[in-house]
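Quick one: structure below, then a few questions.
In this document, chain identifiers A, B, C and D correspond to the written order of the chains, with residue numbering beginning at 1 in each.
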Amino acid sequence: MEVGFIGLGTMGRGIAANLVAAGHRVRVWNRSPRPGAAPDGAVLVAQVTDAFAGDAVLSMLANDEAVRSVVLDSGALAAAAGSGKPPVHVNLATISVDLARELTQIHRASGVGYVAAPVFGRPDVAAAGKLHVVAAGAPEALAAVQPLLDAIGQRTWPFGDEPYRANVVKIAGNFMLGSAIEAMAEATALARGHGVAAADLLDMLTGTLFAAPVYKNYGALIAAGSYEPAAFALSLGLKDIKLALAASEAVHAPMPFASVLRDQLVDAIAQGDGARDFAALAKVAARRAGQDG
Amino acid sequence: MEVGFIGLGTMGRGIAANLVAAGHRVRVWNRSPRPGAAPDGAVLVAQVTDAFAGDAVLSMLANDEAVRSVVLDSGALAAAAGSGKPPVHVNLATISVDLARELTQIHRASGVGYVAAPVFGRPDVAAAGKLHVVAAGAPEALAAVQPLLDAIGQRTWPFGDEPYRANVVKIAGNFMLGSAIEAMAEATALARGHGVAAADLLDMLTGTLFAAPVYKNYGALIAAGSYEPAAFALSLGLKDIKLALAASEAVHAPMPFASVLRDQLVDAIAQGDGARDFAALAKVAARRAGQDG
Amino acid sequence: MEVGFIGLGTMGRGIAANLVAAGHRVRVWNRSPRPGAAPDGAVLVAQVTDAFAGDAVLSMLANDEAVRSVVLDSGALAAAAGSGKPPVHVNLATISVDLARELTQIHRASGVGYVAAPVFGRPDVAAAGKLHVVAAGAPEALAAVQPLLDAIGQRTWPFGDEPYRANVVKIAGNFMLGSAIEAMAEATALARGHGVAAADLLDMLTGTLFAAPVYKNYGALIAAGSYEPAAFALSLGLKDIKLALAASEAVHAPMPFASVLRDQLVDAIAQGDGARDFAALAKVAARRAGQDG
Amino acid sequence: MEVGFIGLGTMGRGIAANLVAAGHRVRVWNRSPRPGAAPDGAVLVAQVTDAFAGDAVLSMLANDEAVRSVVLDSGALAAAAGSGKPPVHVNLATISVDLARELTQIHRASGVGYVAAPVFGRPDVAAAGKLHVVAAGAPEALAAVQPLLDAIGQRTWPFGDEPYRANVVKIAGNFMLGSAIEAMAEATALARGHGVAAADLLDMLTGTLFAAPVYKNYGALIAAGSYEPAAFALSLGLKDIKLALAASEAVHAPMPFASVLRDQLVDAIAQGDGARDFAALAKVAARRAGQDG
């Protein structure tokens, strides 16, 4: 397929490479020039409108502001709508439910297909083509881009016709991730205070009852006290928790764990740990207990 | 080995049966008479002192009060200490760190060996002999009872010489379990408010990033809204969270997630759900969001 | 003075009347037509630009969106800037710190004086001219409008040159108000559970240690269980708590009480109490305890 | 009247002196010898049984453990019960609801009158005889000791026949005090982050909406950052919050503010501030925001 790809950050690079590897013709574009960021075999284009064309365009942008800027304010979507055969837009980003709903309406009005397909997985998982893709959108649009989703992930999890619901699932999942980290952080501070080493505690628990990828990955970082370089920055974790808080308020759902996460993450940022890995949340629990963590 | 076993509740019955199955000679005792509770092949004795004898005695009691009453106030420990060859006492219960420390001192003073060996697993896991056993105590005592621990669990995780540290690990693990349930509860309320069914959300997340036993087990209960009969009652969950709060205060470790859990569990009990499964915590998040959960 | 007044809600009406009573010539404007809302002696004008003129214009609008719409998007500020002698704009609204900073820059760039002057007091206090006014802005602008502030309040509390700081103080104060209500709510549920009537508890405490206006006013509502009509709606309380959370995140200040308030207020709204008085927050604590509150 | 007085701490000394000043004959006793602690005109006795006699005995002890030790374990109550004419015991301490209920039963069984009369006020207020006394107990016992309560306080607030209800009111009030401090702490951190000095913020708010004694007293300490010497130690504040949490669990009342207070106070103690004034809670909010507070 003829595919555009927008956003060559740590996640986007690996995803784009997998599209190339699957035999698609890929034009890539990035907001800031990143020499060498384009994967081998992809064509780097100078204008976002050149990427927002073809059979489909996948965008992997950092947040709501970036999506607004690149997709809407740039005129890229409007230009595509005015072309003879607009691409289906596959939005891989973790964005707010509000923006997801707005984008759905705007795409529909402009005649451009729209699929929300946020992904679970850290950069190494993206590079390996092993992401879990949560997808929602009109059935025909979803069917059209399924080969692309197959190229970037190990499995696509469909969540129906309404794109924003895929975003809700992604937001809920990231909230659960943050909660798992905080739970390990508090458990570790408790145990350390009583003379049990973090590694001993977490090896046992993440090897048994909590033998799941997120616990193993983040538990290993906490046990090692190793928070740099960040695979997923703590400040992005706060962004996601705020998405959960906003989405929950819209449907009147209290989320006291999300509220605690907000405060612990703000604390971490105040101490200068915003650019460290999300797992550095564990430093807050340790510091508040008067421990070296 | 000659083994005493105290406490024939839902957990104890299966554990005692596995000791019999492994070829040990087992005398069992329970506080309240439970006709038929003694596993085939075990001998039901009338006095706790008759069980607190032999090579080893395992006790599986509900809480601090039960342990105090049965082990200390009954005179069982004192009687064993006065016998020629006291048994090693293996305490399987989830008890407070304070009581764990006190029991260690009392056993040491009385010359009775003491191993703390709290277990992870619900009653069906206990019956299958697949528990994870967290054990700590003097090396020789631990070595002496290892065959018994092998009979009841799939693996023993040693945590050193100080018995109370095994209890800390158990308390930390149960806190993490409660946190996992609450995280799923809030995520589910958020998703449900946006039209995503609990089962769809939890199937995806507990099949991927959170593919761990506790998420799968409790996630299935939440997805089904099925909270009876309780494998592990919500009111016992509150007991364990209170153990975490007490143990954390002793070492000055704030635990904001544990505090949230306390309040959500108290809320659940106020609405009459104390005897339902720990997973019924999810009803609180749903009810607070104005949802049928 | 020649004074424009924008916003004839429950607060604005009383404030405008006090400006008339102090001898000023007042032109009033409201977004939606409110027949009879203009106080006697004031002139109702048809265009917002007619109110945004004279020596000064005071605006009392509901939230950030209303301020943006009426002051910026309407062209009122631009029109005033283009006139020969623009008025000083006194913004009485409770708005976000971000918007306060933005408005300061826009006014400065356009040459229109700007004073932030949010007020403390419920509608009856506004009608009585007894508000406490928190004011910040350029000294000459502040001096120019002081007679107007004197007419609407019992006292002006100056907070320096930077307008946004007055908004910070207002946000901090409303957060403390919400905290006082929640504290009374929890204390009341605790006491009621033990057989102590809400009125008995609150009469004692708000008559002694907590003998302050907010405790007496809101305590009386909680004791009476009387939440309608709302002098200050619970949903506006949530708006203010969200302003506190946003302002605190900007300076990396965790606010766990504000986070609890968010969740309790969201809970209240989910149960249909958003239009009741802020004091209806007490229903959440009662309901969660299984009490009729 | 012939009065015994037990407990010559910072509060007790002033209270005992006021009893002497009112013309009563006072015998005083303290657990640890405190040379010079007995007020002029009082008689220091060597045995607690010598103080637990006469028309009435007032005890002002630190916590549940001290009350159990001095009143029950010492045999003082039993000795008084066995005398011809036992005194009415007035318990001024802040104790748990559970112990309050137990003491009521024990006194009743022994035939010794019992009044719970916890007091509000810091040591300087106690010395001035201006305490607020919250009293509950059998009407005849209460009437008998009213002259003594009049001597130590500015007003007695009766809460009926059941002594424990007075303790509930005291616990609820101390929880509200802690909440007021935390609310000021968070508001101050928010404002400070935006360039508003703590003193400016708190002067305004505690001079207007929050013009109540506790806000003025503790607000002044926070504004000055002056936490030593402690009039009421932070670690005692945590004790009282734990009483609130225990009492609330007994009646199934969630108290999320109390839970936050627990964690903030534990944090403070971990940083070494347990012996500083309760107002040092404000250091936690400041430190977590990365501020010097």
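Assume a contact is a pair of C-beta atoms (placed from the backbone, for glycine too) under 8 Å apart; a residue touches a chain by one contact, two chains touch by 3 or more.
Chain labels with UniProt names: A, B, C, D = Oxidoreductase.
Remember, predicted model here, so these are calculated numbers, not experimental data.
Participant: Suppose you hop from chain A (Oxidoreductase) to any chain it touches, then on again the same way; how many hops at least until you reach chain C (Oxidoreductase)?
Facilitator: Tracing touching chains, the least step count from chain A (Oxidoreductase) to chain C (Oxidoreductase) comes to 1.
Participant: With contacts counted as defined, which of the two, B-C or C-D, has more C-beta pairs across the interface?
Facilitator: Most contacts of the two pairs: C-D.
Participant: Shared numbers divided by all numbers used: is that above or below half for chain A (Oxidoreductase) and chain D (Oxidoreductase), i.e. same or different?
Facilitator: At the contact between chain A (Oxidoreductase) and chain D (Oxidoreductase), which are copies of one sequence, the residues are largely the same (over half shared).
Participant: If we define chain centres by averaging CA atoms, which chain lands farthest from chain C (Oxidoreductase)? Would you check?
Facilitator: Most distant chain from chain C (Oxidoreductase): B.
Participant: Centre to centre, by mean C-alpha position, how many angstrom separate chain C (Oxidoreductase) and chain D (Oxidoreductase)?
Facilitator: Here the centre of chain D (Oxidoreductase) sits 37 Å away from the centre of chain C (Oxidoreductase).
Participant: Provide the C-alpha centroid distance between chain B (Oxidoreductase) and chain C (Oxidoreductase), rounded to the nearest whole angstrom.
Facilitator: Result: the chain centres lie 52 Å from each other.
Participant: Give me the residues of chain D (Oxidoreductase) that touch two or more other chains.
Facilitator: 248, 252-256, 260, 263-264, 267, 270, 288-290
Participant: Can you tell me which positions in chain D (Oxidoreductase) touch chain A (Oxidoreductase) when the two form their complex?
Facilitator: Within the complex, chain D (Oxidoreductase) contacts chain A (Oxidoreductase) at residues 256, 267, 270-272, 288-290.
Participant: State the interface residues of chain A (Oxidoreductase) toward chain C (Oxidoreductase) in the complex, per the touch definition above.
Facilitator: Residues 238, 245, 248-249, 252-256, 259-260, 262-264, 266-267, 269-270.
Participant: For chain C (Oxidoreductase), which residues are in contact with chain D (Oxidoreductase) within the complex?
Facilitator: Checking each residue of chain C (Oxidoreductase) against chain D (Oxidoreductase) gives 97, 120, 132, 134, 155, 157, 159, 162, 164-165, 168-169, 171-173, 175-177, 179-180, 182-184, 186-191, 193-196, 200-201, 204-205, 208-215, 244, 247-248, 250-258, 260, 263-264, 285, 288-291.
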